Amino acid sequence: MGKTRLEAFSDGVIAIIITIMVLELKVPHGEDARVLLPMIPIFLGYIFSFIMVGIYWNNHHHLFHMVQRINGSVLWANLHLLFWLSLIPVTTGWMQESHFSPLSVALYGVVLLMAGIAWPIMMHILIKIHGYESPLAIAMGKDRKGKLSVTLYAAAIPLAFVSRWIAIGLYIAVAVIWFIPDQRVEKSLPQD
Amino acid sequence: MGKTRLEAFSDGVIAIIITIMVLELKVPHGEDARVLLPMIPIFLGYIFSFIMVGIYWNNHHHLFHMVQRINGSVLWANLHLLFWLSLIPVTTGWMQESHFSPLSVALYGVVLLMAGIAWPIMMHILIKIHGYESPLAIAMGKDRKGKLSVTLYAAAIPLAFVSRWIAIGLYIAVAVIWFIPDQRVEKSLPQD
Amino acid sequence: MGKTRLEAFSDGVIAIIITIMVLELKVPHGEDARVLLPMIPIFLGYIFSFIMVGIYWNNHHHLFHMVQRINGSVLWANLHLLFWLSLIPVTTGWMQESHFSPLSVALYGVVLLMAGIAWPIMMHILIKIHGYESPLAIAMGKDRKGKLSVTLYAAAIPLAFVSRWIAIGLYIAVAVIWFIPDQRVEKSLPQD
Amino acid sequence: MGKTRLEAFSDGVIAIIITIMVLELKVPHGEDARVLLPMIPIFLGYIFSFIMVGIYWNNHHHLFHMVQRINGSVLWANLHLLFWLSLIPVTTGWMQESHFSPLSVALYGVVLLMAGIAWPIMMHILIKIHGYESPLAIAMGKDRKGKLSVTLYAAAIPLAFVSRWIAIGLYIAVAVIWFIPDQRVEKSLPQD
């Protein structure tokens, strides 16, 4: 099976997820600067989730660049990842609406954690198909970044009830780790 | 006529359908766990419809992988299928909103039934184009799963008024049948 | 310039237009059949506009199948067509909301008329690029269907104020004319 | 890395942005012409933003037509551009809602300015990858249009508080400059 449609479908879903969040930036009622103030946390939440989804898209792009064949399990592993990503807009929205209440921050972390778990599941299925000596498997290596992310998310969820800012700080830390696109893949790739 | 645009357009529509449903998961008003409780049935409905649409996308992907040429009738048969799939979000939404009232569960079944009928219509048009001895026709075989699904949906619709749980159980049964991607196609395919 | 992205972008916009309309089918409040009754005209409006947009997508698919090269003017002529198509959901919505008031029916006709005018504009630019002796130009011929559609729409707009049903009847007549995909193109095409 | 997915993803996001704006054209309540009057400025705002986003799509299409390879920085530079474009619907909506209040007109200018800055950032990264003697670099030349646009937007933002019409006039002026698709690229391209 070719990977073209999986890529196209994922691009479509991720493009919609990233733009659904902008719908949460509701048109303010009023004409002056005061109506913009309450939009600042909403705007910051939008920027952060935009970057998070952008990171997933970039890594998806890098990963599938090395993929040569897929099967039905990959389709479902990918849908599983997209499922958790699709919950980012609503959980972002609740954080924004509830002024970053501890529970909303924790729930956002749960969604990030589940997406963070869905990612290596898909990667391992792909490595199994391509072989443990394949360029893809070698490029993926020990997936230290992935393991660190999942650990930080798992820590952030209970910590949100101690201080939401610690949790948010950990989410930002994970984003920073991933912001630099996955050098492992890019380096091992021939230019095409 | 090439199948690329039909695939791309279907991917687009299905990607939007699957993400429109997430809009029904409205951002809760409030800060604590109580506001999440009423969202549980909505969330379960979302998971189920996500899987249903995911199954259609996967089967669409598998089917068109074997397709070599299309014509105007295939375009319309595909639009007909997409039409019924496009009604899944609103009927899911009504089930969620009406706390799974019998009528809403039955109506959801009608939409699934019509999509279940639209699928073999498209398949038969494709088989006609490719010939009854084509790999596609052989791979599709007697379409036992398709016929069973339509029968179960047709049974579930009146049964929803006896007990909504029987109907929902039947919908879940069909989903389970299809969850395993169509092995018929995958087995008959050379790796590409 | 290649036509791939123009096709992909148009597929995306048309996929969104066709599914935005489904958002107008608002989730009903209530549990029984009475809440479904007011949805019947909305549902009929949805079916009709779905078919109209489907016709444009099919014809777009057929037309661009023959296109070999494009330029900046084609990009804008295509955006111009997409602009008018993008107004179909809101004008459909107003027809539904105002119970098919004469003005709403006329306005819907204006949008169909403008899309009907945007189509031959794009076609003529494409014919100019490909030459008047090109397969595309020959396949398009005298565009009798296009001219008839524009005439019927232009007649329907004032007639909506005499009787909305005459106007709606004319819209349906045009849809029927186009429902059969453009045989001119399909016949002149070699199978690929 | 191939550019196909970057193009497809951008097409998806831009298609959604351009059609999200149509959701701001809310279905009017009422049956006669009076309910349409307040929609005229909203409609004009829609047309203008549709053209602005259309210009970006066209130029994106032209630019990437010449691109031969990309890297992780290009992915992020492109997401950065899409981020600012994604704010066009909500800022357009606020202009419409606030009857073009000076602050809303200025904020719209800020978004256009930031998108206008994101564009040359991406272009310079691309030129760096392709080399300063590459056809892409030569075709882009001194980017006079880009520099003029940024200057006009930067002037329009404070001028919006003097007179919103001056600012709107400047936005329209920039649109007119860009409306003609980027001749530099088109001329230097061989037909394909």
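Labels A, B, C and D are assigned to the chains in the order they are written; within every chain, residues are numbered from 1.
Here is the rule we use: a residue touches a chain if its C-beta (ideal position, glycine included) is under 8 Å from a C-beta of that chain, and two chains touch if they have at least 3 such contacts.
None of the values given here were measured: they were computed from a predicted structure.
Chemist: Could you report, rounded to a multiple of 5°, the rotation needed to superpose chain B's C-alpha atoms on chain C?
Modeler: 90
Chemist: Work out the mean Cα position per chain and let me know which chain is farthest from chain B.
Modeler: It is D.
Chemist: Looking only at residue numbers at the chain A/chain B interface, is the share used by both copies over half or under half? Answer same or different.
Modeler: The interface is built from different residue numbers on each side, given that under half of them are used by both copies.
Chemist: So the centre of each chain is just the mean of its C-alpha atoms; given that, what is the distance between chain A and chain D in Å?
Modeler: 26
Chemist: Averaged over CA atoms, how far is the centre of chain B from the centre of chain D? Could you give it in whole Å?
Modeler: Here chain B and chain D have centroids separated by 37 Å.
Chemist: List, in ascending order, every residue of chain A touching at least 2 other chains.
Modeler: 8, 12, 15-16, 23
Chemist: Could you please specify the touching residues of chain B with respect to chain A in the complex?
Modeler: Against chain A, the touching part of chain B is residues 7-8, 11-12, 14-16, 18-19, 22-23, 25-33, 36, 47, 50, 54, 57-58, 61-62, 64-65, 180-181, 186, 189, 191-192.
Chemist: If we count contacts the way the header does, which residues on chain A are in touch with chain B in the complex?
Modeler: My answer: residues 1-2, 5-6, 8-9, 12-13, 15-17, 20, 23-24, 69, 71-72, 75-76, 79, 82-83, 86-87, 89-90, 93-94, 96-99, 101, 103-104, 107.
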